[in-house]
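Think of it as A, B, C and D in the order they're written, each chain with its own count starting at 1.
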Amino acid sequence: MNVETMYQEIILDHYRSPHHKGLREPFDAEVHHVNPTCGDEVTLRVRVEDGVVTDVSYDSLGCSISQASTSVMTDLVVGRPVADALRTHDEFLQLMQSRGESEPDEDVLEDAVAFVGVSRYPARIKCALLGWMAWKDATAQAVAAASSSAPTEEMA
Amino acid sequence: MTTPLAVALDVERIRKDFPILDRVVHGDKPLVYLDNAATSHKPTQVLDAVHDYYTVHNANVHRGIHVLAEEATALYEGARDKVATFINAADRGEVVFTKNATESINLAANVIAWAAPPLGLSPGDEVVITEMEHHSNIVPWQLVCERTGATLRWFGITDDGRLDLSDIDRVITERTKVVSFVLVSNILGTVNPAAEIVRRAREVGALVVIDASQAAPHLPLDVQALGADLVAFTGHKMCGPTGIGVLWGRKQLLEELPPFLGGGEMIELVTMQRSTYAALPHKFEAGTPPVAQAVGLGAAVDYLSGLGMERVAEHEHAITAYALDRLQAVDGLRVIGPTTPDARGAAISFVLGDLHPHDVGQVLDELGIAVRVGHHCARPVCERFGVPATTRASFHLYSTLGEVDALVAGLDQVRRFFR
Amino acid sequence: MTTPLAVALDVERIRKDFPILDRVVHGDKPLVYLDNAATSHKPTQVLDAVHDYYTVHNANVHRGIHVLAEEATALYEGARDKVATFINAADRGEVVFTKNATESINLAANVIAWAAPPLGLSPGDEVVITEMEHHSNIVPWQLVCERTGATLRWFGITDDGRLDLSDIDRVITERTKVVSFVLVSNILGTVNPAAEIVRRAREVGALVVIDASQAAPHLPLDVQALGADLVAFTGHKMCGPTGIGVLWGRKQLLEELPPFLGGGEMIELVTMQRSTYAALPHKFEAGTPPVAQAVGLGAAVDYLSGLGMERVAEHEHAITAYALDRLQAVDGLRVIGPTTPDARGAAISFVLGDLHPHDVGQVLDELGIAVRVGHHCARPVCERFGVPATTRASFHLYSTLGEVDALVAGLDQVRRFFR
Amino acid sequence: MNVETMYQEIILDHYRSPHHKGLREPFDAEVHHVNPTCGDEVTLRVRVEDGVVTDVSYDSLGCSISQASTSVMTDLVVGRPVADALRTHDEFLQLMQSRGESEPDEDVLEDAVAFVGVSRYPARIKCALLGWMAWKDATAQAVAAASSSAPTEEMA
């Protein structure tokens, strides 16, 4: 185990220049998640139109892992149908629970495969998941709000 | 006199795991330890786990990212997994570590009392316990009833040491908010009919709290099968260290209940104005937990599971049957509690003629035989049976028939001494 | 760079008493343990006392007359005597054993809240704490204020990490019923001017509670000289086991306050209708106490007293002065808290440029250097200083100048890593 | 250490036939004391006339040590001036704290010297003191009551 396996260049790049950062309008749901063990926080907004995630914007405080992971997540979900994006979320969650043993599918996870090293560090897994959990929560709220106003739509 | 027994546990091998059992007292008397209901001894496996924790991994848990902190956290949370499996909890978050069973029950009583309606206690509400409870399952309810204006009621005890449930439908009523009872009595040895009480409590929508302090060490405990809402027990009676107890609770209920102690570990976000609380089980674990003690308890449940709780129960049942037989043949001895081994744990209380238990215990001690004398933290039971106190012999997985024989011989000497 | 120091403690000899300090991590890195404010390590003397307790004397306390029970009771109560002497308590009954400092403070908060007038909290009453408190001295007061309708107020912090007492007479007023504050901050390292706060609290007749969790392990603690009403601290930070804490209280006050947890040990006479409570200190010790842990804490205070707390304090002061010097010479490093060693404990928080403490701590860990990162259970302090978290290095009696050098060298590597 | 050093014949005699037992009238104060560790209980009445303990009567539950000690105590205090009796109480208290090391003065303590062996057994000291503590408490109350009605009298 070596700290370089955690801090892949891809991760440090996203950390230095995060994608989709900042809070934008319009949005359908906003959530605030914190990681009480370390104090990382994120405020995250989701816009869902016709079952597609059309924007994710966020403001966050935290370590390189949580910042980079949130940035990578936005690349993977923005512009994708909710159902597809949720599958990617599940894939990432599985990767994080793999203790470094899994061979992630680069076609699905793209830059997120760089996080395989993080899964060896139990205390940091929550950092890597913070943005993803916030996104899932916000998206569920957005979809629920949409389906209650337009009862034919449903979350996959 | 010896009854033929199929003792499946290899007790001689087990005894080698407990260094204290080799002790001699009062000069040259080998220790005959029959005070297991008060506390059990600890096998080397448990002591080694604690020692290893302190000398290799020691750190504060949850809040660190350095190696020691990660190892300590993994060991502490690993102990929770072991306990969850041991009691067949549906979810590891349902296992809350406390300092002892007494704290577990106080926690339960206070958070139920403080909870928002429809939970919560108010004047007119009733809490039902039994006359057979340990003080630790009486006083917490007296205190919360006093503070909330709720009323305390209880089941009595029959002459043969069983709960008197004949008027169950009049004791547990629509006004009952909580029913709390002991699964195995530490003074009478009685194993109570949980299913019947739970069924009636469910009918009226009352919460059920079970004090399993004398059950967890001695029989297979399955919290899902029990059907209660909250179950308390204590580490030091089940081969674990002092300073650790458990409160198991149904997840949904624990989520609804307010926190008990406030502080580090149990919070999500703290501002000076207000705070939000962590997810289960941490919401109920304020401050640095008893980390080494949890690790020790984890090792204890590994030890017990390795032997098999069915086999432990069978062994103790056999010893108890033998002891009931032999003790009741002692002149002037009266067992307080069930006199047959059915639905009965391994604690036997008795009085010997009009000798005071203190005097009985003192002379037995002189012979190396450790029994407990007094109220056993269950004074209402002594009152119920009109005795000032009892002498109690209680067995565990390492107890032998020979120790029962030593006790019986010791009682003869007691009688001769005070003749 | 090395400052000439007259280090009176024989640190090399002391380190031999702590087996864990020989540990290597991440393959071949010797452990540099700078997380002492989170928990301290335990000397062999403490571990041996605990082991000896379990393998020779183990029994439940107070209620038995057999040899083991008498020995266990003598050891448990002997530990209380040791702690009483260590903190200069006027009476051994003033020393209450709890599970940690957090329970001690919750006990204090709850029994004060529940007490009969003129004690007790009601709407209109105020509780004063500070922005510098550990969550364990914030959340208990928030909870009791919520339940009683009392109001929580607090002192702020100055830019250099001291309590802002400039408006002390407007914060502590005739409405103030309790003032509770930390003697030595676990995040800023500040040693607070207790005398000034106690004086003002006395003027208005408020009770004073002091959180001495970071004081007891590091400096001579004299509860009589402090002049407070209640003082809390925790065993695991002062070379003792986990699972044990202390609440000291003025005898007369403890006698007036109602009990906290109910159960075995804390009673005098129990009937189903009502109970009366035991004399001090047992009134506040419900259930089987953390016996082995108290014995361990007794051995820990023997160990500390053997070295001399003045010398421990002197050693740590010298290390802290050296570390403040060297750390502040690190490029981009900003100390959060007092930047000079005056009125300062051995915990130093800092931020390094705009690097997140998690990343700093992770790379230090890779080098074998254990520091703590995050909020240190004092989130309001981080908010006050506008930082998301800090990295904290904290020292104890076995810390060396060489470990400070290793930290400083490690921080250079951190900067290079994230360049 | 041997249990016979505790159970002296004198003690067993008092246990089998306790002196002054039973509750009598008249009395000036009555107290109820318990030993919570073992459950021994005593209800004890004291009559004080002109500064002299003229009667002590009691009802009690407990072990041979507490029973015998209470019986021996009554022999030592009944008929004695309060001040003298209190000195005997203090002497007995000291004996009990001596861990078997003291040489009790038989002129003062009479039968109570037999309790020297009990002082070696920490758990039983409270048994031996129960009756004495109750007597001291009741006597203090009786004297206080008397002195408040007749303010010239005082407890020594």
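Here is the rule we go by: a contact is a pair of C-beta atoms (placed from the backbone, for glycine too) under 8 Å apart; a residue touches a chain by one contact, two chains touch by 3 or more.
All figures in this text were calculated on a predicted structure; none of them were measured in a lab.
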Chain B-chain C separation of Cα centroids, rounded to whole Å: 31
Length of the line joining the C-alpha centres of chain A and chain C, rounded to whole Å: 38
CA centroid of chain C to CA centroid of chain D, Å: 45
Residues of chain A touching at least two other chains: 37-38, 121, 124
Residue list for chain B, restricted to those that touch at least two other chains: 26, 63-65, 69, 267, 269, 358, 362, 365, 373-374, 379
Chain contact topology (line, ring, star, complete or other): other
Every chain pair meeting the contact rule: A-B, A-C, B-C, B-D, C-D
Contacting residues of chain B [partner chain D, same complex]: 26, 356-359, 362-363, 365-366, 373-375, 379, 382, 388-389, 417-418
Chain B partner contacts - residues on chain D that touch it in the complex: 1-3, 6-7, 12, 37-41, 61-65, 67, 121, 124, 127
For the chain C and chain D complex, residues of the former touching the latter: 62-65, 69-70, 73-74, 267-269, 278
Interface residues, chain B side, partner chain C - complex: 19-20, 23, 25-26, 31, 33, 35, 38-39, 41-42, 47, 50-51, 54-56, 58-60, 63-69, 99-103, 105-106, 114, 131, 134-140, 142-143, 147, 152, 154, 234, 236, 241-245, 259, 261-267, 269-272, 274-275, 286-293, 358, 361-362, 364-365, 369-374, 376-377, 379-380, 383
Interface residues, chain A side, partner chain B - complex: 34, 36-38, 121-124
